[in-house]
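We call the chains A, B and C, going by the order they appear; numbering starts again at 1 in every chain.
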Amino acid sequence: MPELMQFLMSGVTVGAVYALVALGFTIIYNASDVVNFAQGEFVMLGGMMTVFGYAAGLPLPVAALVAILATAAIGVALNKLAIEPARGAPVVSLIIITIGASIFIRGVSQVVFGKQLHRFPAFSGDAPIPVLGATILPQSLWVIAGALAIFVGLWLFFTRTLTGRAVLATANNRMAAQLVGINTRYVMSLSFALSAAIGALAGVLVTPITLVSYDIGISLALKGFAAAMLGGMGNPKGALAGGLLLGLMEALTAGYISSQYKDAAAFVVILGVLFFMPQGLFGTKTTERV
Amino acid sequence: MRLSTKAVTLLVLSLVIAVAPLFFPSTFYYRVGSLIFINGLAVTGLVILIGYAGQISLGHAGFFGIGAYACALAPAHLGLHPVLAAVLGAVLSGVVAYVVGKPILRLKGYYLAVASLGFGVLVAMVLANEAWLTGGPDGIAVADPGLRALLRGFGVDLSNAQFWYGFCGLVLVLGAWLALNLYHSPTGRALRALHGSEVAARTVGVDVARYKLNAFVISAVYASVAGSLLALQNRLVTPDMAGFMHSIEMVTMTVLGGAASVPGAILGAAILTALPQVLTVFQEYEQLMLGLVMMLVMIFMRQGLLPSLARLLRGRGG
Amino acid sequence: MSLLRVEGLGIDFGGLRAVHDVGFSVGPGEIVSVIGPNGAGKTTLFNMISGLYLPGRGRVSLDGADVTGMEPHLLAARGLSRTFQNLQIFQAMSVLENVAAGHHLHEKGSVIADMLSLPSSRRRSRQTRDSAHTLLERVGLARAAEHKAGSLSYGALKRLEIARALALKPRVLLLDEPAAGCNAVETEEIDRLVAEVAAGGVAVLLVEHDMRMVMRISSHIVVLDHGEKIAEGEPASIARNPRVIEAYLGAQAGEANDAVG
């Protein structure tokens, strides 16, 4: 029983990270109909840049903030330089562009940051807290709390603020949004910046637990995508549910089946969703009009 | 006598393969050459899937891996001759492609991409984890297929590098011939039709699901044979032959030169294979360069290098 | 004796009743036109008959056999062919190849034979090319045979789709707005072509907005409004039908009368 509790704890923690990556996918997908395979790199950059900022002498919160802002800027650059010029390209091209971007960012990180694993201290220490027969790291609580805060904050942003609603409008129908005076270019940049910042924040929160190296981005991207699909592509509620579910499934697979194949859980989920529930948990079915 | 593009392509390809060795300063170039031919073979298969039929697969390295490991495992465990093992690998890949393809080809776009990606990653995972069978992450050795010895019996004595250069070149020309034949054939038209408009293709009687599956299986067999050639040549197989990065490289090569064009894809394979070899000094920058190339080509030369160059030479309006 | 019979056909999209209880039949050599205001459900009707949508209610019969909800490629094998309102051209293929693709059911064979370029495969391709050339001549596009399909004008593409649909050697032909966006000359050519096709024994079902064309060539007319059939009959009676005039013809009633005249 305490074993199960432990798996559930780690599942929820890693699930919170997946949920944030999935949320990033969702925001960009809603804004531009593009699946951004470079999403995982934002998480890596957030953690990595904080490590180096902190090592350079900046106080941890400042280093984190700088990292998040810098990653947001990189997100905007990605949109402006790689995705907008390819507007209207076939899906194959867009896939190659965003995968290319992810490989490029990874390649640059390899040169700049090296290949080793890095970390910075946890926010409130490393002493495990006993909960319901298992233990949880204080940092895990930060991760979960941070994820929830972001989801709630974004929900408020999208439903209560004018800018947020403009983003939703653009996601729904770009042309119509333009016609009512919304600056869709700005909305696109904002969506990418937001998405990158969320990813970076996830990286900042989770690095004290999982450490960061230049190549963690890819598997995060794939799992985040699996989570987004599980929840229903384009639905933020789905991103949260999908992320947590995927994290739990992974932890349970690692615990009860095989830790070597825990990564396979994400792909089994993807394939399962695609065949039995392509619209995901919260998505809606669409028909093609001829 | 006007030569068709098919004839020109095959002629140029054969000529280049036959004549290039005259310029080789060292045996190293034979190895690069045969690597180009192996990659070229794999991407020729992808041209059929991506270029003709308009589908996508980010997991085809999985079939490459199956073909490669078949040559390592079948001789050791089943006593098969390595060349027969390659045939077994091709058959196995075809069957797996059929079984996996049937459900996943119902998907489109990003969903198909990720489903195929999942397949490839699962294959690589199994190859890496089941060390008792596959030797784990370090891979296993492959027995000598004894083909060079066979040739020596006929009085032809080639070095290892020379033999594989020629053999792979031959297989590539054969593979290219088959793919080019397909383009202008009824099957090729059906594939290209479903690429152009699935709805209209159905309406003229094309069983879209069946033809997509055909393209998937054929391209899987191409990848498998390429994997077998690499295994027999290098005498070593490792799990990253089936890995995600390899799948991405394969797709990039295909699209780089022009996805619907066999010569274009082979050109793409040549460039992306030769580049890391040329830039060995910049090993660190390999990933960075690959990513950059991928983005730049897709943004500025959407049709791929060959068609874009062709248009440039013909002048706008061609 | 009808080749195509539709009975009680209906479909809902969410809460919207797009088509409800529509029935009619088309015999060999007949040209039946379906008319109605935009949004009346004409293309939806076509999509149900041609297997693109699964009907919620009703029956579609082809030559007596129930083919309701049958997949498009199976319907094609039974001799049903169609064109599209919004054009579904194979953009990257040449004009000739587009029509050649329409020959699929007549030319398909073994994949192996095609890859090896065996004589049987080359023979099939040659026969297809010849037939495709003939069809292009019939629709007046022979000179554009080697051009990329995407480079043709809208009117020419409409004719290309008809040629492709004819390649099937259909028994039933569905034409979705074949004259839309065409000038008077092009419309007349299509007019002539459709009459020719019907004269060959094909059952033709037509959706069209060009009232003059409809009144001129139709054996009889089915009128849809808001997804329901509000009238059916010969062109003359339709032109005078008050419900039809009210729902659709309106100001064009005079035009229709002149055409029937």
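Operating definition for what follows: contacts are C-beta pairs under 8 Å (C-beta built on N, C-alpha and C of every residue); 3 or more make two chains touch, one makes a residue touch a chain.
Treat the numbers as computed from the prediction; the structure is a model and nothing was measured.
Other chains, considered apart from chain C, form one piece (clusters defined by touching).
Among the remaining chains, the Cα-based centre furthest from that of chain B is the centre of C.
Each chain gets a centre from its C-alpha atoms; the one nearest the centre of all protein C-alpha atoms is B. In this assembly, the C-alpha centroid of chain A lies 48 Å from the C-alpha centroid of chain C. Averaged C-alpha coordinates give centres for chain B and chain C that are 42 Å from one another. Taking the mean of the C-alpha atoms as each chain's centre, chain A and chain B sit 33 Å apart.
Residue positions 199 of chain B each touch two or more of the other chains. Across the assembly, chain C contributes 52, 84, 88 as residues in contact with two or more other chains. Residue positions of chain A with contacts to 2 or more other chains are 290. On the side of chain C, the complex with chain B involves touching residues 50-52, 71-73, 76-77, 81-82, 84, 88-93, 97, 100-105, 107-109, 111, 114-117, 121, 124-125, 128, 164-165, 167-168. On chain B, the positions that touch chain A within their shared complex are 50, 56, 58, 103-104, 106-107, 109-111, 113-115, 117-119, 121-122, 125, 129, 199, 244, 248, 251-252, 255, 259, 284-295, 298-299, 302.
Within the complex formed with chain B, the residues of chain A that make contact are 35, 82, 85-86, 89, 91-97, 99-108, 110-111, 218, 222, 225-226, 229, 260-261, 263-264, 267-268, 270-271, 274-275, 278, 290. Residue ranges of chain B in contact with chain C, taken from their complex: 178-179, 181-182, 184-190, 192-193, 195-197, 199-208, 214, 218, 260.
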